[in-house]
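Heads up, the next two complexes both have subunit A, just with different partners, subunit B and then subunit C.
Entry: the complex of A and B
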């Protein structure tokens, strides 16, 4: 009987020690730590694709396949997004009806600032993307907002991205619990499965980059937004980050959210933050 | 023989209700159930496109007077909506398993 009690107490003690050792780990794993996340995120891709230069991940599927890369480099001599660059440049400098321009809404007149978007606005307590900031600028100056998914918005962001080409993504997460919550919400959105296909963003862009899904080669998640906006042959035109999210949702048979919904803003925040240090390459061209 | 006949009659009777053609009331009940589940999924920000397609198909069939097809489509919509609700509920925690750490 005594032996049994000793055994029982011994087992209980061992269980308590194991619990005490495991508990801090659970807490640590649940703590929001964007710096550790970004390091782990980047290392995952660097280790998965040791032959891809780090700065090359921003070129999406072209970083995964040499043949595709050669074709793309040839296309870049006459890039399909060129018309959007010209249009965006003109739009950025054309005054609104009130005589002001976009330059009045952005630091440095909107030139070379793409790498700082999205940012967390402490006043509003939410993430502000470049697309959102552009439309807010228009509305503040008495102009109607543009569609978030293509055309004028894609042209404007294309030109702004072009003026930031080569600059490293530089997203800040301020010491504000709301900013951390937005980041965490974006991370959750990225990894959450949705739609009848039961796919998350990560199903394609973490688990399967470089693999084919039908005729397309999947891009790695690392640096995927650095190339935005993009000209897609599939779209026969330009598309913004919003359009990319909407299309991804539809492809999983999930009803897309409204462009610039909190979830989309937050996932853009997460994906941009974990790509910090990688160069802006937008506008991009994709099959 | 008598026993087999009895069994056959029992089988026929048990199948009889499902063989009955659906009417407008059946459709309305099935559609209401599907719509409620669909709204719940939308509230969880996890509506599926196929749920909406099935709901639309149910309505179209009912408008054309084909209540059998309308009820079948509405039931399909309800099943899809319930699956999307299950997905959203389970993913509240399950997403963490995919996270790069």
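Entry: the complex of A and C
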């Protein structure tokens, strides 16, 4: 026990340990309290990285490292995602074969609304992400759905994010037990270890942000979706939120889920909610 | 579920199955039993031949095997990560090789929140592979 506590103190803040030890698995009767969660979640990162400006957390690995940040800022002068913005803008304004457009499915013609996704749909009783809503719009208008992971879907979401840059993430959890359950389910998925390597999402993005895993600097979980979609040199192209979830799961030898499966939608709901107030910064560019 | 920033301790248990005879000289024994035997000092391999040290280094650096460089600085290895401590002066820190075997087999036993994968428990490495890596670590 002594060893264990010592090791915990070594890798995590003392306050956190005190918190963990003081609140050992109270089950069942616990109330889900997203407001308190978001506060605790944000404070954890603010305290762990007192020198990072709050609105900077949305820049993923670049928020963690001054050198990398400088390189990135140079890159932003000729952003590698520019082609996707142009394509996305064109797609958003081009009518479907039936004459309707995305504007018929989205408020404000789809402009400046990224910060409101995902939302909980009370009719369906489930979380609806922007990617899902885009494909549903296409299908409702007789068009084939796009791949969830890249290309057209990434271009559309890149442009939509771009028109929302700077707007604070604004995710609502309606007073509906199913919405709370979806949030809680996403949170559980995020903190549960899985796969041969026994990692949870939190192992990398809560416990170790700023550390290097081989040559890659780990992004903090706070604001981790605000920059999506992202261009990655490693992908030589754009990738959506779905693509990143699948990649993180499979690179750690865990079984990835289907893009837009209920659980991924719930994880996105959880991560977006706890980033409320932080600005949209997408699309992002990564090494 | 209370809001904790730590990982859930309900680790996914990878079922321990019997290993393919063709792949190992140590068949028919679940890894766990072998490891327990090792821990009890009942099945100590004769340690330290040069060839197992070289083999251990190879396994430790191999991305498909130990991939220890993902997290640890190790002398002679490229592109190390920063998640774990540098692996050096191991012999003075852990004079008992069983301790090293246990760390590699399942570090969550010592530290439930550790990032280090349970190489033995989740069958990422065999007992012999872990043994060779321990030989290598003792040269650091």
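In this text, the second predicted complex is superposed on the first by the 258 of 287 C-alpha atoms of A that agree within 3 Å, B and C clash if a C-alpha of one lies under 4 Å from a C-alpha of the other, contacts with A are read in each partner's own complex, and residues count from 1 in each chain.
Note that a residue touches a chain if its C-beta (ideal position, glycine included) is under 8 Å from a C-beta of that chain, and two chains touch if they have at least 3 such contacts.
All figures in this text were calculated on a predicted structure; none of them were measured in a lab.
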{"item": "Which of subunit B and subunit C A:184 touches, first, second, both or neither", "value": "second"}
{"item": "Partner chain in contact with A:194 - subunit B first, subunit C second, else both or neither", "value": "both"}
{"item": "Which of subunit B and subunit C A:202 touches, first, second, both or neither", "value": "both"}
{"item": "Touching partner for A:257 - first (subunit B), second (subunit C), both, neither", "value": "first"}
{"item": "Touched partner set for A:40, first subunit B, second subunit C, both or neither", "value": "both"}
{"item": "Contacts of A:140 with subunit B and subunit C, given as first, second, both or neither", "value": "neither"}
{"item": "Larger contact residue set on subunit A - subunit B or subunit C", "value": "C"}
{"item": "Which of subunit B and subunit C A:215 touches, first, second, both or neither", "value": "second"}
{"item": "Touching both subunit C and subunit B, counted on subunit A across the two superposed complexes", "value": "37, 40-41, 44, 187-188, 191-196, 198, 200, 202-203, 206-207"}
{"item": "Subunit A-touching residues of subunit C, taken from the complex the two chains share", "value": "1-8, 10-12, 14, 69-71, 79-83, 108, 110-115, 117-118, 122-124"}
{"item": "Sites on subunit B touched by subunit A in the complex", "value": "42, 45-50, 52, 80, 83-84, 87-88, 91, 94-96, 98-101"}
{"item": "Residues of subunit A that touch subunit C when the two form their complex", "value": "3-4, 7-8, 11-12, 16, 19-20, 23, 25-27, 30, 32-33, 36-37, 40-41, 44, 184, 187-188, 191-200, 202-204, 206-208, 211-215"}
{"item": "Contacting residues of subunit A [partner subunit B, same complex]", "value": "29, 37, 40-41, 44, 187-188, 191-196, 198, 200, 202-203, 206-207, 250, 253-255, 257, 263"}
